[in-house]
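We just call them A, B, C, D, E and F in the order they show up, numbering each chain from 1.
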């Protein structure tokens, strides 16, 4: 939220790309792209962000890295500057002529998705302090703890069944 | 715009699905999904719609119709009621348990995308009266008339080259 | 049924390939592959065929015709002879070294799937005389007439929505 | 075989899904889906099972877990109850409204496919005691030991060549 | 051949893209990409062209037109100028910054692939005058007349079987 | 180069398959298929090889191993004998009836791609001694060291973004 709010202080409109959109109910991507959009919007609303300035686009992965920026372009409105913390994505965007800004990170060692998921599965209720209240509420409604536990039991890999 | 505004009078938030998102620069889908998002947002803004209540999601086609609603669900936030003018989509959604409302149509015989495109290619400038001014402006910036003409010359089918 | 029974008079076991298995709820393939398996088995049972001698395999289409036989082979048990009425498939199988037998046809001008579907949509109840009673029963349970009508209204093409 | 026979004591007809059907000649899936169907049928026949009550359906993997049950449904006849030993698959099926029964396991620590394959590659002929005689015969005809050895040499991953 | 020789008079090395490479044994693409490479090379050799200056690359189709040039780029060595007779492809290449030259055409009304195929199927041996002798020889070895006849019988569309 | 030259001493024409052609800018496949074609040709030219006798074909991976040889066949001209150092590929080719020759290896412990890449990333300029001068020149032009470093930072996996 802080990173998004920071960026919104620098730009008019922000496109947030929800990647790996084709995956869900997996260890890396336990939630559907739609559920991720839901949580993002809830948290932004809660933080008082003007949702009208935020465009959230689910994007499937695409294996041809050389063509990835063009692929990205075809799914999002035109953009002037890109924020990312991923140096590889930054290189691809720069090669394509975009201005790239290092995405600001806040307390990156505390807000770690792997850690949040681990706490949830371990029954450690302090995970609730690591996500916005509105997101915690949605995670409860989605019965996320149960979902994560079943997924992490290691049988969710479609290659196995 | 009128249909969207009408629906926004009945619901809190509206998810607009931009279909055939994987296609672009083709006769049926001359614009990228991202360009379509851009035009939709511009027109909504111009019409005074609160963009914060509208969620625009690009969606690729999916051949397994029996599974299509579940596929759709995985890309959009949960929804209660679906508006569509397509009776086939309505049937799939009803089979999946959704309440479906006939999407209201306004002057459907005038606002026909095929007609707009034909006028554009024929050099008939009255196409500008059939789209919101903000969209006409974007279409000019995208050099749409030239794009449509080249596409309609019949060589844009990737199966042909 | 007659064709299958005829072939079962010549072979020990018969593999029936249900093609275009990835398609359903479309004009050409209104039923899911699973529903097609259901109807085939019901009719075979009704005709007194030993189901233990019949292996029904759904098969997705595959665009690389040169490789199609090898693709087919990977989904079905090994076979000695192939029955088909399609001369193209016959050519591919012969090129791959298989013995191919012309699939026997019975009253081919009467038992035409296009005709059956047309009658169903036109409300002409004589379609029931063109399918085995067990299949007619399943078609009723699947509300096929309604499904066919909605599909044939021309909006079922995923490329259109 | 025992599990299948046990289930056939509780149901009229059983659909056996042969998963990962698109893979073959790989470490995890050394046999084609068709070869797996062949072996299953041989063993069932040998065990005196009425093959007419068993429906074997090869099924390709599908990455969208949220939609997986609908995807499955489109390839198999309608079913009332699902047997599985995979808790993740059980969760997906329960979420879709199906009654799920824990698949019974017999001597699960002895009949382990990984172990059978290891013995085969190590030249330990006792693998023959772990599969039905009819399956051992097919495995010999398929020159499985040689196939497994070449595959396990670690060069079978298509991503590597 | 004349077009290729003309272009080779203007450039050092020429990349020839064999499109629709994933299709074969179909009405539009009766030959595999490999067979097309074979015929091209035979004709070039026969015409005395230095094969070392020609790079023939099979390329599958790609549906995302906006990204197509980047997709193309990832399969061919870097190039400075593109020759094409397809105005759509020309537009995509120009949008990507390439210099595009209209591909020279020689007796375009005589050397028409559709016509050659029609003659072959009609048993009109004058098709041999429309292709280089080396290509006619390969077409004979491939039993092309028989292949074309079976394909044109209208059963080759994988969507039909 | 030595292996290719050796094989060219035994055959008239050589088809070199550039595998995993759909991948690029990844740890395993840092270069596009086109860049790999470029480097191969440069090195062959430098070594005095007649490029007219070499056919370089990029080939995407294909998951169905049982059908892989037929898939390969559809992209390359007909061939009589196959050279490979991969025993799995050799088995598939032999099963399909091809004569397979063990690809000769020269100083295989020195010319190791993993090692070359490691040296490049470590700033160890001796990598230049492990590739032909013409290839070193291209690698410099492609800014390969920078590309490899960014990729190896571990963020290039499309599954991660």
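Criterion: a residue touches a chain if its C-beta (ideal position, glycine included) is under 8 Å from a C-beta of that chain, and two chains touch if they have at least 3 such contacts.
It should be emphasised that the depicted structure is a prediction, and the values quoted were computed from it without experimental measurement.
Enquirer: Can you list every chain in contact with both subunit C and subunit E?
Expert: B, F
Enquirer: Could you tell me which chains make contact with subunit D and subunit E both?
Expert: A, B, C, F
Enquirer: If I rank D-F and E-F by number of C-beta contact pairs, which comes first?
Expert: E-F
Enquirer: List the centre-to-centre spacing of subunit C and subunit D in whole Å, with centres computed as mean CA coordinates.
Expert: 26
Enquirer: Provide the C-alpha centroid distance between subunit B and subunit C, rounded to the nearest whole angstrom.
Expert: Using C-alpha averages as centres, the distance is 36 Å.
Enquirer: Would you mind listing the residues of subunit A that make contact with two or more other chains?
Expert: Expected reply: 24, 32, 64, 66, 73-74.
Enquirer: Which word fits the touch map of the chains here: line, ring, star, complete or other?
Expert: Other.
Enquirer: Just spell out which pairs of chains touch, all of them.
Expert: A-B, A-D, A-E, A-F, B-C, B-D, B-E, C-D, C-E, C-F, D-F, E-F
Enquirer: In the complex of these two chains, what residues of subunit A are touching subunit D?
Expert: Where subunit A meets subunit D, its residues are 22-26, 32, 146-147, 150-151, 153, 155-156, 158-161.
Enquirer: Which subunit D residues qualify as touching subunit A in the complex?
Expert: 19-20, 28, 61-66, 68, 86-89, 91-92
Enquirer: Touching subunit D in the complex: which residues of subunit B?
Expert: Touching subunit D from subunit B are residues 64, 66-67, 69-71, 73-74.
Enquirer: Which stretch or stretches of subunit B touch subunit A in the complex?
Expert: Residues 21, 24, 32-35, 37-38, 41, 45, 50-53, 55-58, 60, 73-78 of subunit B touch subunit A in their complex.
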